[in-house]
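The structure's right below; bear with me while I get my questions together.
Labels for the chains are A, B, C and D, by order of writing; each one numbers its residues from 1.
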Amino acid sequence: MLVFDGLLALLILGLAWRATSSRDLFESIVVFIALGLMIALAWVRLSAPDAALAEAAIGSGLAGALLLATWSRIEPQTDDRVRAFSWSWALVFSGLAVGLLLAFAQIPADGQGMMDEVQAHIPQAGVAHPVTAVLLNFRAWDTALELAVLAWAWFAQQALNRDHTPRYQALDGEVLQTFAKWLTPLVLLVGAYLLWRGATEPGGAFQAGAVLAAGLVIYSLAYQHPWRAGRLNDWVWRLSWVGGFWLFVMIGLVGLAMGVGFMGYPPAQAGGLILLIEICATLSIAFLLAAMFSGHRDTETLASKSNKES
Amino acid sequence: MMDFSGMLAMIWLWPLLFALGLAWPRLRPYGIKLLPWALLPAGLLWFGFGWQLLADSSVTLKLEWPNILVGTRLNLDRLGFVWLSLSLIVWGVAALHSRWVQDVYAWRYALFFLLSLAGSLGLVVAADAVSFYLTFSLMSLAAWGLVIHERHASAQRAARWYILLAILGELWLFVGIVARAAELGTTDLSIWAQTSSAGWGLALIWLGLAVKIGVPILHIWLPLAHPAAPVPASAVLSGVMIKAGIIGWWLLLPSQAMANNEWLWLMPWLGVATMLFGGVLGLMQTDPKALLAYSSISQMGWLIWGIGWVWQSAQPEWMMLWVAAFAFHHALIKAGLFLAVGWVKFSATQARWMPWVWGMVILLALLLAGLPFSSGALLKAEMKQVSADALYQLPDSLLLAGSVITGLLMIQFVRRLARLEVQPKTLEKPALISWFSLVGLALIWPYAFMTPSWDNVLSDTQPLLIAVVFATAWRIRVNRQVHLAPGDGVVWLEAAGVKISQLKKHQAWWLKQQQYLVYWRLKSQQKLRRFSKRIYQAERFFLNWSNYVTWLGALLLLVGLSQVF
Amino acid sequence: MSWMLPALVLWPLLAATLGVLHQKHARHWGLVGALGTAVLGVAVMGLETSSWTLGGWALPLGIGWRLDQLAQWMLLIGAIVGLFVSVYAWLDHTLPRAFWWLWLGAWGAMNALFLSADVFNIYVTLELLGISAVALVAISNKAGATQAAMRYLLVSLLGSMLFLLGVALLYGEYASLDMVYLAQQMQSGPVMFLALAAMTVGLMAKTALFPLHAWLPLAHGRAHAAVSAILSALVIKASFYLLIRLWLEVFAPLDLSLAFWFWALLGSLAVLWGATQALVTPSLKQLVAWSTVAQVGYLAIGLALMIDAQAQFSWAWGLVGLILAHALAKSAMFLAVGNIQQRAGHDNLQQLGYVLRTERKTLFAFGLAGVSLAGLPISAGFLAKWWLLELSFDHQAWWLFGVLILGSLMTAGYVLRVLNLALTNQAQTQSLQAIPAGREWLVLILASLAIVSGLSAQSLWGG
Amino acid sequence: MAEAMGLILNGLSLLLIGLGLAFFMAGTLGVLRFSTPLNRLHAVTKADNLGLGLVVAGLILQAGSWALVFKYLIIWALVLLSAAAVSHLIGQRAYQQTRQTESGETP
């Protein structure tokens, strides 16, 4: 297996180099997607399947889709500048590489981190899987803030997305639509499964949300912006972006009021509350990620914008 | 007994409030008229605390605001009270005389007057270094507005030199204060008074304040600024502000621990040098105000000499009162004399008062020159007596020379004043009364503290007599005015430049130099512009991404490897 | 734990969320959020300093929060500046409504950062802060704003990544993320130096310390005035606050022999380079942005002196005074520039003479802020610089003393460069836009605060 | 008996997986060597579907439970489905592009 790991590491380095050094933007994006898959593989090798899942879904899948969508909207460009070799650059970074290697060699290999501590408190956590316990109970505040980060990333994108008109070429036939139709229930199922399994084994809200988002992206590509057609109310959409975060935090505040501290749960109800939070968080993540891809803008903003301009 | 400690802040906050009020345009026309009222809290404090001081002479008024600035302390003790008295009287009389300033920009005069007043009163009560520095700067910098007020060429020249030296002094003082504060770890002046610190910090403080006092070479702003300023402003410049340097030396330097200072011998000698220097140069003046300015330098010599032996004595605090008394004496008389120039110059409408005015002028001149049984003579005699046991003694003849030269200056002053061109201006009676009262006070105040005796009458009369004889002899035998334009050093410098430029054989060369100068100026402007542009573009180096990341990596290496060293 | 602490984070985020959901009134929700946050930020000064763990999980399992004096002061500075900027922005109708939810997001993130004692949690707050701050730059309609935002985004991400690397190394070594615990355990070793280097350089890039400053003049120069005020006065201070925490607390036990020289040299270069650029730049807004680069240098010098002092942590109040002075002066300055720029329709220094002459209150405010920046008495800047000078005397760092004085002179130089323009007899060349009078007063009050706060700043480092 | 059965099963699954891998190789070679997009698609989809099918078939023989068999089959079916859909999309784009180039339009 050492050979495999070594090859994987080399491959990751090679792909990273190719992604950054390529002159063709499209090639860079494709290589980047491949790089994400290889990194996911590396996570698997490090026996962190949840990280692998997240990397594959978000780092490679959704980020790749976002990059491709952006690429389709900008002028084709190739970078023709000749890059001069810089001695100072080479010197500094080879020095850094050596330094990093030397320093990493000093890190004790048997580091258990907080694992003992976590295991000791699992019985009170309401869930059996250590990662989920850390994410949704011991360090719930981090996760809540991460949800906020995701929401604010979307708000930020929304603020910048001034004239978003996706250019997708129409396709003949209904192969894609049919495919999407068949796939959607499966995606829902997988998402729900990942979410449910998170309580005891690797999985959880982020992975489930990412998978759901991927399904939504495929669906939106196939049907060209279903949400514009008004199938879902704007309000539902917008609530879904922040719902996960606010439910999480509100439950945290209830914890403060009940005396278990901010972002804490009464141990008896912990399991149920965590499940509730995870469901809402999954939906939030899914809709936020999907919205980022499809550049959803609600009609109200568009209307007021055109008012201002006129 | 009433607690007056709050007034320690009011005395300078109140004029600041007035100054702030002048920001409102509708108040501006009343600016000058309001000036005397700016002294109200100071007057209340003076009366209130004066009674307490009469009851118990060691009482000290204190106010502490530990959270304001780096810990603000204000206090008023006997010494401060003397200084407050002289400030109050001179500023008050000057405020009443300020109606001589009648131009459109009178409100600006009022503004700078108020700011300067606030600083001047504030530094008297300051008991921490930062408040002293701030009030001192406020006073110095705001006085620039008084000097430049009349805006004619000489005022502008004077103001330029004034601000140049004032800022230089500020800088020295500031660095010195920071150095001393850093070393002592406190800005509390009561600790500063007892603890010495690194010599160069002390030297910088000394130098910074020496500018204000007008120590020779650093004095050049003084004979330019005093004649250029409006008359009441000259009175405060010479009566009060110049003495801020003396109290600054006393407060900021380790006055209680000065006895062993190896440079101390310099002070008495510097004092005498200043006395003679100011006197001799003053005799060469024709403008009575310039003459008075040099006389002030000369009188500062007495204070420098005085503080020189105060630092040697075992009880500096007690001795300092003598110096303070001398400062008080000089403040009243010098302010009175400057205002006298005004009364003579703007005299036309008070014709029937003029004999009285002249009488007062001569009285003031005699007081300063050391008329027996008057404050000048009494103080000088007492100071000489008290200083008899000081370590660094001066020959008596030198001090005598100092006194003689003061006498000569006063004779010259009265003669020059009589030739002054008259420009009529009206002024109400209150000002005249205040001036007469000032002169009266200058005449009688010493008798409240000292009893004149007949023992010294001979030695007291000596300098005055010599001066009269010398002046008469000069009048009969030589009868010539040796003229020197005010500002000696500056004048020499400027004159030398002009002279060189006018030398015939050098004229062509000089012309070429001038042309070259113009060319050079253009060229350097061009160069500067090109340099600016290049600097502006140099930022591209940091903007370059590759460089940015390289810097980042280099810094990482630097911090990461720092444990190797 | 007082309910006020979570509210400090959640209230601005809630208002921002309501603004997103109810976009027609985003402005008003924004103001409500800002006022509430400001009141909370002031109110925490009255709370007892203490520390807590979230969710009731004992350390090292849970996330630690703490409210010490440093955190209290940072929250207070955020509250004061935030309040003024918010009211100013509320009066500015040219701002897109997205400003409100982005700004409140950034504010909430900063408050969360100041409260947190957990390095990973701080990383998360840095992410939220960074994403909001970058978007705030990008919403400007000024030419080049998008590129500037892009550069800022990359630098910000790079900084976060390096910080995260440091966090990972710390966790790997000590199996804890709590700063107090880490400080107790800290032992010298290559890994720790790597962690320190990574976190330091990452935060330096975010703070825009020379030579990693290049993104700042672009981003702050091209953003909207209210945004520049926030970024300059608060956002870069958040990362500098972390540098204080790291160098004076977490990594303090390490033997940092070169640290003084590192910070003092970079700080001096920043002071000189920033001031030089401010003296030559042709645009008013850039001038103020460059001044930030220079003032960051002062912060670095302050840090250098603190490290060299091997001083008690409580001594850091001088640094807080420096931060306070700069936050007030710089926000006032940027808001003043906003008034001028909006009135003139441009910020080209050469053609601002007439506008500056008509905008007396704003110009006066600019001058007052300049007085504090240059460190003239009696402003907050004076006290801060007094503290720096005194410390550099204590350390016999005479050359540093020279740099500080020279920096102050140069600061006075570029402030005068602007004030001088008001004295030139430039005729009116273009029509002027009207701006609400309230904004002029607001800037004037803020600038006066920069002066007056100097009076009571003693309570910062006195005790 | 059981031993012989196991031997046959092992051999069979080895054979199937080997065959599957050979199809993968052929498909990859096709992608690398064929000239037009449609040709490449042809090679890769045919080869991959069959290759994966053979590999799955080989693995089924090794599976310990029916649930596992079911999962393998689902995987195969999903790959078939998505490969078909994706190839269709790529093929349609390629077809559109060639038509555009032939008619002289720039895409």
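Quick notes on this structure:
Basically, a residue touches a chain if its C-beta (ideal position, glycine included) is under 8 Å from a C-beta of that chain, and two chains touch if they have at least 3 such contacts.
Note that the structure is a prediction, hence the values are computed from the model and not measured.
Here the chain-to-chain distance from chain B to chain D, counted in touching steps, is 2.
A separation of 29 Å divides the Cα centre of chain A from that of chain D. Between chain B and chain C, the centres computed from C-alpha atoms are 43 Å apart. If each chain is reduced to the centroid of its CA atoms, chain A and chain C end up 31 Å from each other. Chain D has its Cα centroid 58 Å from the Cα centroid of chain C. Counting partners per residue, chain C has 190, 193-194 as the residues that reach two or more other chains. Residue positions 556-557, 560-561 of chain B each touch two or more of the other chains.
The set of touching chain pairs reads A-B, A-C, A-D, B-C, using the touch definition from the header. By the touch criterion given at the top, residues 86, 88-89, 92-93, 95-96, 99, 103 of chain A touch chain B in their complex.
On chain A, the positions that touch chain D within their shared complex are 169, 171-173, 175-176, 179, 182-183, 186. Contacts from chain D toward chain A in the complex involve residues 78, 81-82, 84-85, 88-89, 92-93, 96.
Listing the residues of chain C that touch chain A in their complex gives 1, 3, 5-6, 10, 13-14, 16-17, 20-21, 23-24, 52-57, 60-63, 96, 98, 101-102, 105, 108, 112, 120-121, 124-125, 127-128, 131-132, 134-135, 138-139, 146, 169, 171-173, 175-176, 189-191, 193-194. By the touch rule above, chain C contacts chain B in their complex via residues 155, 158, 162, 188, 190, 193-194, 196-198, 200-201, 204-205, 211-214, 217-218, 254-259, 262, 276-277, 279-282, 377-378, 383, 386, 389-391, 393-394, 401, 405, 454-459, 462.
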